[in-house]
Every structure is written in structure tokens, then in C-alpha cells.
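Below is one structure, written out as C-alpha cells; comments come after it.
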Amino acid sequence: MRELELYFGPQHLGMVGNFSITLKVEGDRILEAQANPGYLHRGFEKLMEYRTWIQNFPMVCRINVVEPDSMEMIYAMAVEKLAGIEVPERANYVRSIYLELARVGSHLFGLWAYANMLGFDTVAQWAMYHRDLVLDLFEELTGGRVYHIYIWPGGVRRDFPPGFKEKVVNTLHSIGGCVPDYDATFFNNRLFYERANGIGKITQEQAKQWGATGQTLRATGMPYDIRKAEPYAAYDKVDWDVPTREDGDAYSRVWVIRDEMIESVHMIFKLLDVMPEGSVYNRVPNPFKWKIPKGEAYVRCESSRGELGLYMVSNGDDKPYRVHFRTPSYPNGLIILEKLLKNASIADVGNIMISLYVVAPEIDR
Amino acid sequence: MNNSLRQKLEATFKDIQVSIPEDSKITITAESDSVPAILRFLKDAGFDHLALLSAVDWIEDDCFELCFILTSYMQNDDEVTGRQRLHIILKTRIPREKPQFKTVIGIFPNAEPYEREIHELFGINFEGHPRLTPLLLEREYEIPPFRKDFDTRKYVKDLFDNIPFVEIEEK
Amino acid sequence: MRFVEIILSPLLALVVGIFFLGLARKIMARIHWRYGPPLIQPVIDIIRLFYQKSVSHGRMFDLGIILSLVGSIVVVLFLPFGKMCPFSSSGGLLVILYMMLLAPLGIALSAGQAANPNISIGISRKLILSLGYEVPLLLVLLAVMTRYKTISIVQVVNAQQSTGWSLFSFPLFLSGLSYFLILPAILGLRPFDVSSAPQEISSGPMAEYGGKYLALVTIEHAFVLFISIALFVNLSLGGAANPVTFFVKMLVVFLLGLCINAVFPRFRIEQAIKYLWKWPTLLAFLGLIITMVIRS
Amino acid sequence: MDRNQITKWLKAPAKMANKYSLHAIYFCTGCGIIEIPPVITSRWDAERFGVIPVATPRQANLFLITGYVSVKTLRAIIRTYEQMPEPKYTVGFGSCPINGGMYWDSYNTIKHLDKYIPIDGWIAGCMPRPEAIFIAVTHLWTLIDKDMANGYIRYRENYKSYRRNQELALGKLEWPPLFPVSNESQGNVQ
């Protein structure tokens, strides 16, 4: 059979994000796959060296458009660690709730992408609609639909507006009310099982070796979650579980995403109940003259796709000396994807890619 | 645990400095030749997750600094232990002239794209790396763009601002 | 009279087919909780496409579309629409069966001219899929022919008008059911839209069509929609005495197909073949055997 | 559809059909793509206006350039744009294609997209809201009505300059010119 070279992306309906995979195919089977990132490279880490500490806040969230909030969080954490700023108690709770809302939104986006890729328009449209309801909450809280710039060093920008708590509860209840519909049409659909079961299977050993985190790792049975391993914000204040599955294939990964969404919603309810009163913001020094003492820090948090890390070096100036993001899509998209696509069929390229939750701007930065 | 690890490290390797600036962090500074051995040792000691491989350009000291950040996965899949809260930053310096380093893919396979990226953005050559092909960039740059002496604002001014607008005559 | 019918029936088929295309978009939108496009949206699209510039990839690229269009129009002439059937006396089911193959073949020949790897994968999927549904379709047609002892579709319809719908007569309901199960595959609806899967192979054979070529392909798709549903109505639902009843029956069948379309993802091609050669083929085979046993 | 519309349809069917059947090529050029899924799905439903995403450039006539354009993406954008059949309309989405936006000093992003391909309209903002896309679509309708959405004609007429700019940014291009370029010299290629 003839060997063909097939470009999957960057202009492709099945491609979420500006990313490209070069496939060598024989018939329907893939002989070799090569991930080809860089379409979204803006040199963020270089640009941040040219901007002051506070100017970088609008920058960082634009690294990842699907879930900008965890990016804000990680940058705030790093700045707080380097500058030694304390965060008020209530701000920690607000941050946690905010990040969990972002996780729900991001997972719904992932569900849209995945269902759309399988040709499952109906569920995809529902998921996108529900994500929009979450975005409405963000809009009320922060004023922005996509980019929020809400988490700030020393807390968050402003407290919940009056009546926001009830709105969160109502919205999440209305989304939660549709979970049986989602289950009936998508998650328990026999065809979804047929399409996803055994596709893109990795063992726990392989996942560890290739540096996987997040769903990719949790779908192989390891409940590794930074929120548990190194709790930040208010994640150690309430009780919650890390959902896992054993098989390590696309089916388990998507199920883990579903379970995580539900767990996040429960966590938001619990956090809202025990949230203390108080200030949400500690003043930082004058941002125009703000210098952060010499030092380096590595901080990490759990974004919706896995471990998000930030290595930051300050040389005592008003600008960071070097920043480097460890993004979860990086090993997923550049190592695991290439390995899993070998010997897969063309019909499963998008299936594997989106179940690994590869977000292209995170890889390129 | 931190201190026992520190003692073990200092007993095994000679020219390294180990410091524990805070509870969850160990910083190791080592010569570039002994880095693979230290990485192997730390991997066997349970730090089996290379979270990040980064480089810093210390232009005033005329050297690059490579940082390996290691954390650990859970061992027996049930409990989060103190080990997961710990991360190790292993630092080594290499000269800025003709920067060379031995690849660590043999120890941590997930270092491959990181090394590719650092090769592209800093111009550090990794010996033994199977494909040091361009990863992110499309144009060729005389100075790798992430080095401190590459001025992106000047570059933009010279290249993009000099491209003229397409004149459109009124009809 | 017949001359008028020869002109009229393809036109009618085209109108019905394009109406179905528009209706499909509207109804899918409503299932998605959307408002949906206007019903005449496909017409607007087709007009727009005819006015757009297009690139040809060789003579076969043009001829292939013509071939598949002609094939479809010829099939329409043999199909009774209510009582309207220009070629009622000649040909019959066997002609229809062979002519129906022309449509995918023509597209395959035409699209194959463009050197796009997505197209070659799409074509191979399309041909494999038609292989998948031709087997049960043939068995269904054989069963119907055996039961009514004729190869003329008009006589099949007439016989059903007197004895009742074949879908509700004993052995033939198996064949009818089998036909209904393969209907989405013939129409290219989910879960069988493997050949044009836009998220996998960039809409497969259609990848290089633009401008008037795409318009012709859309028209051809409308014809295929009409043919496969009309054939089902004629074979299993007893045809109809007048075009209006016939149209209503087609509408019901199409809506059922759309509902299936809405709640299923896409098969992989090997899963599609496995499915098509399992239940529909088994049912059709059973229907044929029982029909033959009863008849002898 | 009122009587006015019917006369319009009879007078200029091509124009009207172009207006109400804008098939957008689905190309995630930048972060603006995050607002495209809400626009085409249940909440905003662009299909009401005939705007749907299609899989290949051959079937499309609307190119939404969603967000910043890196040098590598510019190459893909030019190829995609040249594959689209005429008439075609381009809309720049977000601040970054207009003048570089937030990435004005980035070494890897294009600052003014209209130096490389013709643009019919801009949507400003970071991120523009989904409603902005609908406003852009209605503006595009007006432009088509007045024959002012003529980017593809400008591209044909000034192809030499566009091609020169493309080569300045990308180096040598590996595909032949879309339209004949009379003059041999292509400017100083860097």
C-alpha cells in the first residue's frame, strides 16, 4: 500500500488550537507521527523579562486561553513566595472557588472538543452552552468573559458581589441537573465506549516515564494531584476525593474529566459553606517602584490538565530575570501524543489528542 | 527526611553544595560533569518526575545555568507523603562560549522536548540528543532569542517596522 | 404526458432533497437548543457556490460529478413518486440497484483527480462503506422481488396497495427493518458519516471541491437523500397513491433518521462494516430465506 | 423576507447569496478561537445568519483571523487564504492582528496583518465578545452591498507588494506566486 504524508492541522476541523501533527500513514494506519508546535509561539518568557512585576499580570493569563485562571494563580504564587507577601484567609477561599469554577469551565470546553471530534454534535453544543453559563459568572465577578486578571499578589482584586454566592449555587445546580442527560446521551453511550475503549492506552509506568500529570496519570490509577500533594489556596480546608480510573485509555481519561467536574462542583459548595468573612486583599508596595528581592522559586499548582509549574528567578530588579512555565500539555503533546499515535488509525488522531487534553498555546507559550 | 537526603548526597558526591532554604525545597549546585550521576542517584532515591528542565542566562557571570527540577510521583498509589511536598532544584553552570551539555534522555525520557527547546532558544547543544530540529521558531536568528543579549524590541524595530504598508491607490 | 413527467420528476426530487437538507439543519439545530438557519439556507448556499470561482483538477474531476449526477437522475426516473413514474414499464429494481452505485463511483472518480491524501482516505472509506451496505440492500431487494414475484418496482407498490404495507407483513418486515438500519449508511448520516468525517479527514472526498463543483455535489447529495428514502417508502411502506402522501411518508422516515443522527457519534470504518454485515445482513438474509420457504 | 429583499435578490443574486452564506474556514490562528465555539453553538448560534465553519478552504468564503499571528502561522494563513475561491472576505479578530496588541515587542509575531494579506474588516478588543462577531458580520453585509469588501480584488491588484512583504517576513516562499509577478526582483530578502 502507498505511504502517504498527511498533515493533521493547523487548519483542520478536528484540531483544537493551532497545532499540527505530521503523519506518515499507510492505508488507515499511522506509521509515524511528529508533533509540530510553534504556531502560537510568542516568546512570553522573553517578553516578561521586559515588563515590570505588575505589568506581567495581564500577560500571564494569555498564555493559556482555555483556562487562564490557573496561570494567574501560579504567577501570583511565585510573586508572593519571592516577595514574602501574605494572603488573607478569605482570599484563599475565594481563589479556590474561582479556580474550581475555571476548572469546570475548562473541562466543559474539553468535553465540547472531545464530543465534537467524535461527531457528537448534540452533547458538544450542550457543553458549550453550559460553559457559557460559567463564563457569565466570571463576567459578573471580574468583568471579563475569557481573560479575568482576578488573582493578584496579596489576594484577589475584589470580593464577591452581593448575591453572587446564590448565583453560583443556582448555576451549578442547573448544570448539575443536566448530568443525567449527559450520562444518557454521551458517557453511557455504547458507541462512545466502542470508540474510546482501548484507544491511546498507556500504563502507569509509561505515564511516569513520560512525565505525565493530570488526567493522563490519574486515568492510570494514581491519585496524584498537586491540590492534595502540596495544598495551596484553601484546598486543605475541605474534604474531597481525587477521582481515578484504572485503564489509562481515552475512555478512562474522559470519565476522569467528568468525575472531576462533579467533584469540583461539590468542592465549591463545601467551600462556599465554610468561607470566612474578612478582607480579600493585602496591599502590595507601589507597583511602579516595586522591587522583589533576589532569589528563585519553583511553585506548582494543579491546572485542569495537570501539574502547572513556574520557575522564576529574580535578581532584585523591578522585572523578573527569568521565568519558565512547566505546562502540563508539554509532555502530553510532545511526547505522549507522538508515542500513542504510532500504529493508531487515522480516525483516532483527534480522539487521542483531545483525550490527552493538549492545549496548543500552553506548549508554545 | 530532608537532612538525611542531604547527608547521603554529600557523602556520595564530592563537589556539590546542598542547601535547604525551606521545608519543601532542596537546592543542589553541582559541576556539569557529575549531573547525570546525581540525577540517576535522585531518581533511584524516589525523585522520579523531572518536572522542568530550564536554563537561565547569567550574562554578567558569562555562563548559562541549567536547572533540573525534580519532584516525585506517589509510590504506592494510596497516600500522599511528605516526599510529594518536596522538590529539588539541581543547578549547574556551563560556559557561555560554545555551550555544551550531555543529554539526560537516558535517565529522564521526558527531557527530550525541553532539551530541544533550550537548544533552540538558548543555543545550548545537547550531545547525544536524537533530534535537535527546530521546535518552535520559524525564522532563523543570529543570536538565539532567549539569550540576554538578544534585544527583541530592537529586532522588531529592524524587521517588522521596516516592512512597508501596501499602498492602495484610490479608485 | 410522459415527457412532462421526465422533466418534472427529477425537479421534484431535487426540491424534496434540498428541502430535506434545509430541514435537517433546522431540526438538528433545534435538538442542539439552537434557533437554526432559515429553511432555504441550502438554496442560498448553492446560489453562492455557483457564483464563486472554482478550481478544476483535470477533466475527470468534472466528468465524475456529471456521471454521478446523471446516475442519480436516471434512478429518480425509475422511482415512483406517488403514482408518478416516467419509466414505469421498463427496468425496475435491478436497474435501480446498479444505477445507485454510480453516485459514489462518480464522486470517487472525480475526487481522486485531486492529489489530496484526505481525499484518497475518504474515497476508500466511501467505497468500503458502500460495499458494506450493498450486501444487505441486495438481500432486501431479492426478498422483495421473491415475495411479490416481480422485478418491477411499480408492481411492488401496486401489490402493497392491495395487500398492505410490506413492513407489516410477516417475512418482509425483517427486510424492511434491515433497510431502515442501513438507511443512515446510505444517507451518510451518523453514525455512518465516516467518509466525510470533517473532524478526521477534512470532509474527505469533498475536501477539494469548491465553487460550482461543491454546488453540484450538494445537489447530488440531495438526490441521494431523495432516492434512498423514496426507495424505502416504495419497498416497505407501500408507496402511495398520490405525491402528498408519499412525501409525508418520506418525511417521517427522514425525521426518524435525523433522530438517530443526533444522538450517535461516528463509527470507525471497521466498526461500521462490522455492524453493517452483522445485524442488517442477518435480518435481510433471514427475511430472504423465510420468504423463499413460504413461497415454495 | 420583505419586498425590498426580493428585489435585491432579483437584482444581484450573487451579492445577496454571498451575504447570507458566509462559510467561515475553521482555523484556530490564535487565542480568539476560544470565542468561536460559543458563537457557533447554542448560546449565540451564528448559523441563523448562515455563518458556519467548514473544513477546507475550498469550501469557504470567510476567513476569520482569530488573534495574534506568529510567523509560522502567517505561512499557513497565506496558503489557506490563497486556496480559498474568490470572492473571499477576511476579518481580523482581536487587537493583535491590527497592530501587534499586547505582543508589540515580540520577535515572533506579525504586527500589522494587512501588510501581508488584505483585510476587509477588523474587530477590536481582547477578547472581543461574541456579539462583536455578529456586528462584524452585519458590517460585512453592508460592505458587500456597497462593493467595499474588495480585499480579494486588492490582493490581485497589489499582489506584487503583498508577495514582497510576505517574503520579507518569511524568507523565500516555497510555493509559486498565485498571480503572475511581472518584475523579477523581490526586494531584499532577509
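Observations
Which chain is which? They are A, B, C and D, in the order written, and residues in each are numbered from 1.
By definition in this document, contacts are C-beta pairs under 8 Å (C-beta built on N, C-alpha and C of every residue); 3 or more make two chains touch, one makes a residue touch a chain.
Everything quoted here is computed from the prediction, not taken from an experiment.
Among the remaining chains, B is positioned farthest from chain C, on the basis of C-alpha centroids.
Per-chain Cα centroids separate chain A from chain B by 23 Å. Measuring from the averaged C-alpha position of chain B to that of chain C gives a distance of 59 Å. Computed from the mean C-alpha positions, the centre of chain A lies at a distance of 44 Å from the centre of chain C. Chain geometry summary: the mean Cα position of chain C and that of chain D are 36 Å apart. Touching of two or more other chains is recorded for residues 32-34, 198, 202-203 of chain C. Contacts with at least two other chains are made by residues 136-138, 145, 150, 152-153 of chain B.
Counting partner chains per residue, chain D has residues 41-42, 55-57, 70, 72, 105-108 touching two or more of them. Of all possible chain pairs, the ones that touch are A-B, A-C, A-D, B-D, C-D.
Of all residues in chain A, those touching chain C in their complex are 4-6, 12-14, 25, 27-28, 115-122, 125-126, 129, 185, 189, 191-192, 194-195, 345-350. Note for the complex: chain D touches chain B at residues 70-72, 75, 100, 104-108, 110-112, 114-115, 118, 154, 158, 161-162, 165, 168-171, 190. Of all residues in chain B, only 136-139, 141, 145, 150, 152-153, 155-156, 159-168 touch chain D in the complex they form.
On the side of chain B, the complex with chain A involves touching residues 24-25, 48-52, 54, 56-57, 67, 69, 71, 73-74, 77-78, 80, 84-85, 87, 89, 108-110, 112-114, 134-138, 145-146, 150, 152-153. Touching chain A in their complex are the following residues of chain C: 28, 31-34, 117-118, 120-121, 124, 190-191, 193-194, 197-203, 262-269, 271.
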